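In what comes next, chain A is part of two complexes: it sits with chain B in the first one and with chain C in the second one.
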Partner chain A sequence: MNILVCLKQILDPEVPVRDFAIDGSGLQADPNCANQMTNIFCENALETALQLKDAHGGKITVLSFGPDSVKDSLRKGLAMKANEAFMVLNNTGHQPDSAATAKVLAKAIGKMEPFDLVLTGREAGDWGAGQTGGLLAEELGLPYSAFVDEIEPEGEDRLILRQQTDSGWNKISAPKPVVASITNSDHNLPRIPKTRDIILANRKPLTSWSLEEVGISEDELAAEQQKARIKLLSIPEGKSDCEFIEGDSLEDKIDNLAERIVAIARSV
Partner chain B sequence: MNPSEATREVLWNISNGWIMYVLLVPTMAIASYGVWIRYKSWKQGLPADGRLDQPMRRLKYLWNHALLQRRNLRQKYAGIFHAMIFWGFIALTIATIVVMIDHDFGVPIMRGAFYLYFQSLFVDLLGLIALIGVVMAGYRRWKSKPEKLVYTDEASWIIIIFAVLMVTGYLLEGWRIVATNDPWGAWSPVGYTTGALFAPFFNIETLEVFHVLFWWFHLILAFGFIAWAPFTKMLHPLTSALNIYASNLEPVGGSLKSIDFDTAEIFGVNDLKQFTWKDLLDLDACTECGRCTDACPANTVGKDLSPRDIILDLRGWLHKGSNGEVGLIGSTDALQSDRLFECTSCAACVEACPVSIEQLPKIVDMRRFQVMEEAEFPETMQGAVNSIEERQHPYSGSQFSRADWVKELDIPHASEAEGAEVLVWAGCGASLVERNQNSIRSLAKLLKKAGVKFSVLGREEKCTGDVARRIGNEFLFESLAKENINTFKKHKVKKIVTACPHCFNTFRNEYPEFGADFETYHHSEFLGGLLKEGRLKITEASERRIALHDPCYLSRHNGMTDEPRELLNNVSKSPITELPRNRKNSFCCGGGGGMSFVDEPSDKRVNHERAKEILATEADTVAVGCPFCTTMMEDGINANKGDRKIEVKELAELLNEAIPDE
Partner chain C sequence: MSEGKSTVLTVAVVAEQNSASAGLLGTGQRLANEVGGQHVVLVAGATDSEFANYVSQFAGRVVTNDSADLGSSPSEGWLNFVAATSKAEDPAAILLANDTLSQEITPRLAHRLDGSSIGDAHAIKPSEGHLVVTRSVYGGKAVAEIELTSNPAVVWVRAQSMDPASVQEPSGSIEAISNGESSEIRTQLKDTHAEESEGEKLEDAQIIISGGRGLGGPEPFEDLAALAKVIKAQNGASRAACDLGWVPHSWQVGQTGKKVAPQLYLAVAISGASQHIMGMADSKNVAAINTDPDAPIFKHCQFGLVEDYKNVIRPLKDKLTEIL
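Then we have the complex of A and B:
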C-alpha cells in the first residue's frame, strides 16, 4: 500500500506565555519566538501509517508545505521510518490558511505517484482549525473521514477506518484511495526514532519543490488567502485581583464570601 | 645455644620430599590454565585508553588500596577480617618464599635473628591473626548472615579450606617443635602452645606419625587449593590487584566514554565484546562483597536495581563464553531493562567498591543500547529526551523562558559584555524551574556585591546534554556539546561559573574532548574564592542550624567536598550539621541520571529516604548546591516534616542572606 502523510510544522505549542509574540504585521505569531516542531496530530497520523506498513507492507511518503525549516520535521519523519520525503517551499513569509494549504498539497500530490491512502493530522496545535484534511479530499476529489484512529485493510480495494465519535466509534468501509484525518489514541503514540535511523535519515531522499514547480503562483496563493482573512491577532491581557474576605468567625467569613461572589456575578 | 645459628630443619620427618616437586607441576599447570582462560576472555574486549599509563601513580594506588587495604577498611567488620586474612597470607607467602630460597636455592637466609623475629615470631603471630580473620568470616557467613552476601558453596568451601590449612599448619609446627625438642620453639608461640597441648598425651613416635600424615594432607590440600583458586572468586587477589592498578585515575564524573558515530557498528552495549577489556576485567575482579548494592540509593529504597548483581550476571556470561544470540539486556533478572533505568547515576557503587570496579559506565553503556538501538526506555524519560531534542531543555511544559531570571537584574548578554570576568551559566534546572530562579539570582547578586563583571547567555543556553548522556542518548549529548562549545567560542568565553553540579561536571570533565577550552567553576568554589580574597565579607551570620547535603556530582563525581563547607563556614553561628552519609559517602537526592523526570512509586522514593535522614538531625535548614537536589529535597522534606520548621536553601541563597545589601 502506498501511503502519503502530510506533516505540518508549527510553533512549539508549549511556548511559555511570556515568550509568545506576534510579528510586526499583527496578523501572525512571530516564528522566532519559539522552536518549530511537528504538529503532534500529524505525528499520530505518521505513526498510524507506520503501523499499517509494519503489519501489511507498503511505502510511506511524507509531505510538507512550509519554510525551509520543515526539513527538520520531514527528517524526523524519515527517522521514524518513512521512506521518502517531499516539501513545497513557502518563502513568502506568510502562514497559509487551511484552504491554501490544501490547494498546494493537492497540486504536489498531483505530481507524485498515486496513493492508496492520504493522511493528515486531525488539526494543528497552532490554529486548531481542523480543515486541511477535508479540504484536501475536496481538492483531490476523494472520499474523506475525520477523527480516524485506526485503519485496517479490507480485501484488496477497500480500507476500514475506525472513526472516534462522542459516544464510541464508527467503522467505515471506504474504497481506496481515501483521505483521512487522524486523531490521537492510546495506540498511535508517535514512536521515538532510533539513533541509527536519525543518522540514516540524512541519507534518505528529500525533494524540495518551489510553488511554481507544483504549478501554483504566489499570486494564486495570496488570492486563496483572501477567502478568510485575519483582521487582527492579539495576546489577551491577563488581569488578576486579590481580595481578602474578612469576618469574625468562619461562618461569618463564609457568608461574606458568598455575598461577595453573588455581587461580582451580578456585576459581570 | 647461639641465637645467631638459630634455624630449623626444612622437610624434617619427610622422606620422598621430591614428590612435592612433582605435584607442583600439575598444580601450577592447572592454575596457569585457569588464569590464562580468564586473560583470554578479557582480551576479547575493546581497547581501553589510558588504563596503564602513569605507572607511579598507579603503583601508589595499588599500595594504598591493595596492600594497605584503605578502601576495604572503610567497612568495619568485613574490612577488618579481610585485612587480617590478607596480611596473614602475605606473611605466610613471604615465609614460604624464604624457605624456598633457603632450602631449594641453597641461600642460607633462614638463620639467626631473621629466623627468630620474622620467620618464627612474626609469621607465627600473623598466621594467628589470619586464622582469627577466617573464623570471623565464618561467623559472618554462617551465623550473622547479612542479606547482601552471596551464599554459594564455593564461598563456604574457601573459608573451610583456609581454616583447615591454618589449623593443620599449626599442628605440624607444634608436633615438630615437640618431637625435635626445638630450642627456638618458643619463638613460634602459637605453634609452641599447640605442641605443648599434645606433648603430655602422645609419645614422640606417635607425633612423628601424625606429622607425616598431616604434612602430606596439608600439602595436597594447599596444592589442590592453588589449582582450584583461579576457577573461583579466589582469583581476586590477582584480578582485584590488576583492577586497582588499572583504576580510573580521573574524576568519576569523567568516566563515560564517547562514541565515534562515523565508525561504531553498534551504539551502546548488548554483547560482552562491546565492552572494553577493563570492563571485562572488572567482572572478574568482583569479590561479591555487595558494598555497591548496599550503597545504591535505588536499591536502598526497595527498587530492584542491584549494581553487584549486574556485575555478577555479566561475569556469568563471561565465564560461559558468551551470551550467544540473546543479548545481555533482559537475559537475567539483574539485567532487566527497567532496572537499568532506575539508576540515578550517583556513582555510590563506584565509590563503595574496594577493588575499583566501575558499575556506572556499564549501566550507561547498556542504557545507550536501549535508547539508541532499541528506542525502548521509560516513557517519562522519552518525554525529557524529546523535549531536549525539540526545545533544548528537558522541562516540557515549563512556563518560563531562559531569560526570565535575569529580569530586573541588569546583566549583559555575553555578546555585549566587553571585559566580563566570567559567564554565569544558569542551566535548565535554574532558569526553567521557578524555585531555582531565586538560587541563580542570589548567585548573580553575590557577584555584583563582589564587583565581579559577568555576563549571561540567556536564550542562547542549551541543555549541556548531561541528562541526555546519562539516560543513554549519546548522540544527542554530542550534538548539544558541540553546539554549546560553538556558542562559547563565538562569544570568546574563557571562564564559566555555574550553580549546577551537573552542568559543571559536563563542562569540566566531558566537554574538553569536544574542543572546549574554557575553565569551569561550581559556584561554591568561585564564591569561596571571593570570600578568601576578601571581595565578599559575611556581616550577618545567622542562627541557622544547617545540615549540608553533598550533591553527588560535586562530591563523588568531582571530589569536591570542602568547597561547600568552606562557603558555609561563617554563614551561621552554629557549626554545620554533618549528615551520617556525607561527603563522598553522600546519599543521592534521587534526581540524577534522568530520574528527575520519572515518577517514582510513592513508597520507593530516594528523596524521602534522604529527607528522613536529614529530619533525624536537629537541623532547621538543609543546604543544597544543585537545582535537582533543591527540588528533590524540598519535595522530600515537605512530605515528611510534619509540623517541623525546616527549609531547603541553596548555597548562594544562604551566603547572600549573610551578606546583606549595603
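Then we have the complex of A and C:
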C-alpha cells in the first residue's frame, strides 16, 4: 500500500504559558518563544502508517509545506522509517490558512505517484484549525473520514477506518484512495527513532519544490489565504486566586475539602 | 452580510438530535436577528418527525429531507443534503455543532460551496458583510478573532456553552426538499459502538471528577469512580491518561476532547496544561488535588488541596458519604 502522510511543523504547543508571546505583527505567536516541532497528530498519523506498513507492506512518503526548517520534521519522519520525503518551500514569511495549504498540498500530491491512503493530523497544535484534511480530500475529490485512530485493509480495494466519536467509535468502510485525519489513541503513540536510523535518514531522498514548481504562484497563494483572515490575537489574563485548603491535620484538611464540595453538590 | 441570490440573508443551522442542538439553535436565532435575516434549520428525517416539530418552535423555517440515506453513510448523507440545500437557499452562514459528524463535514461543505470554514467558535458576530469568529488558539494560550471573508461561512460552534433559543410564535414552516443531484455515497458505516457509561453524558454533567497522569495507572480511576458515585459525578481524564490506555478516549477533556461546563470540576493529579484548561475553563467552580503547589491547574481553581491523591481519595469518599 502506498501511503502519504502530511507533516506540519508548528511552534511547540507545550510551551509554558509564561513563555508564550505574540510577535510584532500582533497576529501570530513570536516564533522565538519556543522551538519548532512536528505537530503531534501528524506523528500519530505517521505511526498509524508505519504500523500498516509493518503489517501489510508498502511504502510511506512524508510531505510538508513550510519554510526551510520543515526539513527537520521530514528528516525525523524518515528516521521513524518513512521511505521518501517531499517539501514545498514557503519563502513568503507568512503562514497560509488551511484553504491555501490544502491547495498547495493537493498540487504537490498531483505531481507524485498515486497513493492509496493520504493521512493528515486531526488538527495542528498551533491554530487548532482542523480544516486541512477535509479541504484536501475535496481538492483531491476523494472520500474522507476524520478522527480516525485505526486502519485495516478490507480486501484489495477498500479500507476499514475506525473513527473516534463523541461516545465511542464507528467503523467505516471506504474505497481506496481515501483521505483520513488521525487522532491520538493508546496504540498510535509515535515511536522514538533509533540513533542509527537518525543517521541513516540523512541519506534518504528529500525533494524540495518551489511554489512555482507545484504550479501555484505567490500571488495566487496570497489571494487564496484571504479566506480566513486573522483580525486580532491576544493573550487572555489569568483569573482566579486559588484558596488552598488548610487544616491542623490531613484529616482536618479532607473534612474542609469535603465541606466545600458538598456545598456545591447540594446546589445542583 | 454579503449579497447572495436572494435579498433576505439566510443563516442556516444544521441540527442533529443531540444535547448540542439547544445552544446551536440559540446561536443561529441570535445571529439571524442581528443581521435581520431568516433562520433556516436543516433537519434530516421525515417532515412530521418529533424533532422537526420541536425545532420549528425556534426557526423561521425547517427544511427536512426524508429521502436522505443517512443510515449507511451518515456523514456523506448529511454532506450531500446540506450542500444541496445550501445551493438552493444560498445562506451567508452555515452553523454546525461540535459533534464528530459536524466537525468532519465543516471543511468539506465550505469547499463544495466555495465558502470558508473554521471550527470551535466561542462567539460569532457579523462585521462588514462577513462573520467574525472568536476562538482559542495556541492550545488556549491566546484568543483570536478570525474574519471569514468568503461566504458561506461554515462554522462549528461550542454549542454546549451557548445560550439556548427562545420559542417563537408562530412556529416556523416545515418543508421537505429532495436532494437533487447529489454526489455519490462512497463510504459505508459498518459498525458503531458506544462506550458504556452510567448516567448522563460528560458534556451534560453537573459535577466532574477527572484524573491525570499523576495517578500512575488505571487502578486509581476505580477509586475516582467510587468517589464520583457518592456525589453523582461523572468521570473524565486528561489526554495523558487516555493515551496511556488507562481510560477510554471518550473521557478526554480538553482542546481535542470534551468541552465541559459543570458546576464543579475536580482535577486529580492533572497538571493543568493549557490544552486541558481549554476543555473545562467554562466550569463554574474548579478544584484540584495535586502534590505540586506550583501546578498550573491551581491558577484556575477556586480551591485546592496540595496533597498526594493516595492519602485523600478514600477518606474523602468516606467523609462525603457520611455528610451527604
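In the analysis below, the second predicted complex is superposed on the first by the 238 of 268 C-alpha atoms of A that agree within 3 Å, B and C clash if a C-alpha of one lies under 4 Å from a C-alpha of the other, contacts with A are read in each partner's own complex, and residues count from 1 in each chain.
Everything that follows uses one rule, which is that a residue touches a chain if its C-beta (ideal position, glycine included) is under 8 Å from a C-beta of that chain, and two chains touch if they have at least 3 such contacts.
Treat the numbers as computed from the prediction; the structure is a model and nothing was measured.
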Who does A:Leu233 touch here: chain B (first), chain C (second), both, or neither?
second
Look at A:Asn35 in the shared chain and tell me whether it touches chain B only, chain C only, both, or neither; answer first, second, both or neither.
first
If you tally the residues of chain A touched by each partner, is the higher count for chain B or for chain C?
C
Which superposed partner A:Lys194 touches (first chain B, second chain C, both, neither):
first
So, A:Arg122: does it touch chain B (first), chain C (second), both, or neither?
second
Kindly classify A:Gln163 by the partners it touches after superposition: chain B alone (first), chain C alone (second), both, or neither?
second
Contact residues of chain A, present in both the chain B and the chain C interface
14, 16-17
Chain C residues touching chain A - in the complex, by the definition given at the top:
18, 75-76, 99-100, 103-108, 110-112, 116-120, 132, 135-139, 141-150, 186-195, 197, 201, 206-207, 231-232, 239, 242-245, 248-250, 255-256, 258, 263-264, 266, 273-275, 284-289, 293, 296, 298-307, 311-312, 315-316, 319-320, 323-324
As the complex stands, chain B meets chain A at residues 261, 267, 371-375, 382, 385-386, 390-392, 396-401, 404, 473-475
If you look only at chain A, which of its residues touch chain C in the complex?
11, 13-17, 20, 22, 29, 98-99, 122-123, 125-135, 137-139, 143-147, 149, 160, 163-175, 178, 183-187, 189, 226-236, 238-240, 242-245, 250-251, 253-255, 257-262, 264-265, 267-268
List of chain A residues in touch with chain B within their complex:
12, 14, 16-19, 34-35, 37, 191-196, 198-199
